[in-house]
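Look at the two complexes coming up: chain A is in both, with chain B in one and chain C in the other.
The block that comes next holds the complex of A and B.
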């Protein structure tokens, strides 16, 4: 190598440094595409959210009047105006108003919660849902993916039995597993409480006694969601591992004497996990739907139970608010999955080139 | 054109190869269980010993007996008869939903895969929107609008919300088929679009369509029973979810009346197992590695080799000979 070559390399860098620079470059095109997709999905969900309650028979005020008879017709009209149900506005005006209110963070008032703002009602329910469903989903994904990688690695061993078992559990509805868990562990054995987030008479606070109580109440619903959703992750990861383990670079890695542990996690699992992340992004809506029912089964005071109660009581503002929060949570989970994918798979970042 | 020259036998074998994915033990077992449920649904009147709504005040909450094989409910209704009649709703909604969902999925997925550019991207984005938006909350809200939604309506809503996954998988497969030689050759021969898609591509998509169909049926059954359990679907149209709704509302889970809540749950599980078996069978047909990997590993183990350590074993053997 001549001196000029060396200086060239030092000033301009080799192919490797170019790749490193490309990695640091922000993939605007990729980000723009994803952002457009999420905005479109959000708009679609919000529009569904706007139209569905307006297609219903009978409005929330009629329902409210049936329960509170002493309200005068004038008060009923005022209530309609307050809830945005006054009929003299055109559908289009209502639609524009609806987006205006959403942008201001105004979700209306909840009839079933003494005309409290919906955002306040949701704020009390949200931490429970995020804690329960967030933790459970994370646990299921991690256990399923790590387990699936291991089962795939130990192919042909007795561990293969795990696949049909977990698949069986994922074909049974969430609520039935929850009900069975209650009948076995709460009623039969009396180990764990039946429902609710914390015991009657417990004062919510940041102390050890309360936290232990919450953990005790959360164990069964958490375990239910994990058991019901584990199968998909495990099967997906194991199937992908079987495909990846046949690749030549795995054989090469082993032939050059790389420790098996490194081959398994850094070479095979890292590549096999990519479709997993994509399917996580796409199935999160489905999982959240099932998890909502688990909240109902365990009378867990989260957004899902709130949504069901609001639907039964025809409390439309709260119903719309609950649906909005669920959609937002699903979209956020999708964005996170996208980011993780971009970190793990350099190809998505290099689509620019 | 080319099909006109096929002999009858060739046609039969072509038809047979379309069903090759069902010709393994797992698929056949799954299909057999499914057929059993379909037969129960068809012959519910002949099979059920009682009417599912026949009240008997003198036989309330009885455990299984010779007269009531699966015991009775809080009103003295026969649980076995309810489970048998309940099969109907599940089978009808499962099949109808999957038909609707797969029709949309095939049209959107194959078109999105065959077209290119913004049209393909737009169709794909549409499918992804339906995948991302959580279906169960929408279903709860829509179903609660009707005091007595008929089964076909529930199936229609489930189908309209549930085609996203199938469309996505079909698009990916169609995109990979689009550039294969036989499709290019058909194009150059001047075959029409509907012929290229219908005759050249569709047979190669059959396994994916079948697997998505099975997935749609599973999702539909889970959706139907879940909605029935939480009570947004009328309680007079019996299905397994409705029975569980009644059992739960009457405290059967707390009072340990297992004959009431166990059978409908196990039926959901059994149909789930059948569908999972079918899916395993199709998966192994599509991706033979899934089956052969385990068989190969066991064969290696018989020879005393460790499948996860295939390479290092050989080297260890060499070093031991060098030492001698």
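The block that comes next holds the complex of A and C.
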């Protein structure tokens, strides 16, 4: 969005002078309040992140013993020492250590991944999740919003049938869509591979062959996620469009003889899209959480299944590391949503002026 | 703005925690009977050109670590450590008296199993070209001595005497019940491991660190697949399969699809309806089931009603239909364990003479008589114990372990005949795990642990599994507590003669038959799913020189034996 666009919106608004004034100087008080609030939320989230795993029943070594049956129970103490669970530090000392480690960027070692550093474990899974779920979310938002705007604009036409269809697809359990897609396109037609991020024998690298391979493997999971999540975006946009289309300024714009295309995109869709942007910003935060079922059905690497396994195995370090990433992502997404909204909708800034 | 944001953060935490709620987990092994064609082959002659893909259903394995001593490394989860690192000898899974020397050309125990004399095989080289010697075996064990390597199997190694190419490894106590654990220690090169700071956790990802003597050498590692190439200098001869790929699919369903389409060649997973989903898809598809000493066992909680009364346990033993477990719940992939001693088909030689041939059958009348004699009322309608309380209990198995979930329903149906109301409980893994450790369940179905007959009795009756301070148990979930049995278990494990072992085994078996602390149902099998499209020479039911489970150490014997289809 360009500056002239903003000015245009602003000058057309009823509170033009105030808004323009607020925009001229940096709203320090507003930003300070936000910053303080986010810092507090971060602290609270990190504290919950520390205590919740410790309230779970059972212990990592018991779980390790259950998974690795060659290990003698007499060796449990040696294992506890190996895994750093033998310390008799108080909860408070552990809590202080935890924040110290976080500040140093040291997230500990993961018991379920051969005692490798948690940061490395997450780093191997996160790009795939962000790539797949991120692209899929982006695609669903764009297609859903544009489609919803059209369907809303042409209300009462045959296009309306898209709404129940996409809504139906989003209520069908995802694993079913995934399995059907595999059975039709991979097993039946043989067009696409049955899963995994890239093929056996491929060496990751920046070359055309590898990139094409990744795209080939990602197509089916991506397409199914988009199909399954399109409904919400389309329905939301279409409903907002219906509300906005009843506004007086739309009638005025049309009465002035403005081209329909301009009314649709510059006047109606532009106002209707605000809640969509808000939802999109929030969904960015959840992208890093991964999608367990996608990862399971398509054998795709990612954060979701990794966190599920970590939770089942009581791998505290990995759980904390993973949840930390999610918390940070949600907070950052919220900050972005706050700022974008403040820019797009001057009313949110007004109370501060 | 404030509230949606707060909600979002809270939701993220909640969503993450909810992950704990859904637990995967597949049962273990099994399907319909083998359809293997007979015929065996000897030695790998000729080289094939097709790589074999070995698959697991464990989700993406994304962290590289080739450490063979740690349970959850990529090398252990995929199982490729078995073809990279070799052991002194291989113990046959189905019959632990069959020992095949590997890196040691001979292995010999002394009478009380506290000393093992091994001779290093000649002509073996490490993957980096350096010769393998007896110092490598001793060097591997010496890492336990100074604590650089965590002694997770409690081997209590004391040191070794070296004489030429022979060494005598000495242990603090008898290793009779841990012969397999000692012989299966992966042997690693001393010239590399001397420089590794922490052998217990080292990932071996540095240049030239992932070095073994095995038939395959590490070629490439990515988060999606691991590739190993045949070692041309392997002491065991020429290998037919030039390349192995290890991959992991998201779950059993994805693995089934991969096996059916031929994307994967070899796996060890339990697939329901194997006939339809795998064997009938291609004429060359095979399944081989190898029974082991362990058995799926109904553990009864002896610490509380109703199973604190031995008469009820005996009545159950005469009521439960073990063949229904094998035929219906396991679709034929198991073997009935009906000996009164609780020992399965592969352990019949351990049954003492007194109990030879004594088996439990389904005999409802006998069960009813036992209950009536013990003072129970309402037998066959609504059972009431001698104290006047209604007899009811729950059988607990994690949701999704389909074979054992079926058995739960069978048990509930069967025990109605005695007038017992059985409730079926299918918690997630976490809830089940907690209940079994803290003995808060009624009855659970569980596997057994350890080597041979001793392992069966130790995991059902040994109190060494119970941590009294924390009130948790790693086995013996029913909390059987009999000092005489504990003593006999220890005596058997440390005995220095066959007579002493027989005496201890007699005490144990008599206690088991009298007290019925748990009810074994069917033998636990190792399963191998593979195909004969490119290679033959796989183990068969008639020639089971190894199990066909690719995650077992015996995989090197299978690979040695394969030859290309002409």
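Following the convention adopted for this analysis, the second predicted complex is superposed on the first by the 274 of 353 C-alpha atoms of A that agree within 3 Å, B and C clash if a C-alpha of one lies under 4 Å from a C-alpha of the other, contacts with A are read in each partner's own complex, and residues count from 1 in each chain.
The definition used in the following text is that contacts are C-beta pairs under 8 Å (C-beta built on N, C-alpha and C of every residue); 3 or more make two chains touch, one makes a residue touch a chain.
The structure presented is a predicted model; accordingly, all values stated were derived computationally and were not measured.
Contacts of A:309 after superposition: chain C is touched, whereas chain B is not reached.
Which of chain B and chain C touches more residues of chain A is settled by the count: it is C. Contacts of A:124 after superposition on the shared chain: chain C is touched, whereas chain B is not. Once chain A of one complex is fitted onto chain A of the other, the partner contacts of A:105 are absent, as it touches neither chain B nor chain C. When the two complexes are overlaid on their common chain A, residue A:286 makes contact with chain B and with chain C alike.
Of the two partner chains, both chain B and chain C are touched by A:41. In the superposition on chain A, A:326 makes contact with both chain B and chain C.
Residue contacts after overlaying the shared chain place A:341 against chain C, while chain B stays out of touching range. By the touch criterion defined above, A:174 reaches chain B but does not reach chain C. Annotation: chain A residues 37, 41, 45, 48, 52, 56-57, 179, 182-183, 187, 194, 282, 285-286, 289, 292, 296, 307-308, 311-312, 319, 322-323, 326-327, 330-331, 334 touch chain B in one complex and chain C in the other. Those residues of chain B that touch chain A in the shared complex are 125, 128-129, 131-138, 140-142, 144-145, 164-165, 168, 218-219, 222, 225-226, 229-230, 232, 241, 244, 248, 253-254, 256, 258, 261, 265, 268-269, 272-273, 275-276, 280, 283, 287, 289-290, 293-298, 300-301, 307-312, 315. Only residues 37, 41, 45, 48-49, 52, 56-58, 62-75, 78-79, 82, 109-116, 120-121, 124-125, 128, 179, 182-183, 186-187, 193-204, 278, 282, 285-286, 289, 292, 295-302, 304-309, 311-312, 319, 322-323, 326-327, 329-331, 333-334, 337-338, 341, 348 of chain A touch chain C when the two sit together in their complex. Across the complex, chain A is touched by residues 1-2, 4-6, 8-9, 12-13, 15-17, 19-20, 22-24, 53, 59-60, 62-65, 67, 70-76, 150-154, 181, 200-201, 203, 220, 222-225, 227, 245, 247-251, 253-254, 257-258, 260-261, 263, 429-430, 433-434, 437, 449, 464-465, 467, 472, 474 of chain C.
Chain A makes touch with chain B in their complex at residues 37, 40-41, 44-45, 48, 52-53, 55-57, 153-157, 160, 164, 167-168, 171-176, 179-180, 182-183, 187-188, 194, 239, 242-243, 245-246, 251, 254-255, 257, 260, 264, 281-282, 284-286, 288-290, 292-293, 296, 307-308, 311-312, 314, 319, 322-323, 326-327, 330-331, 334.
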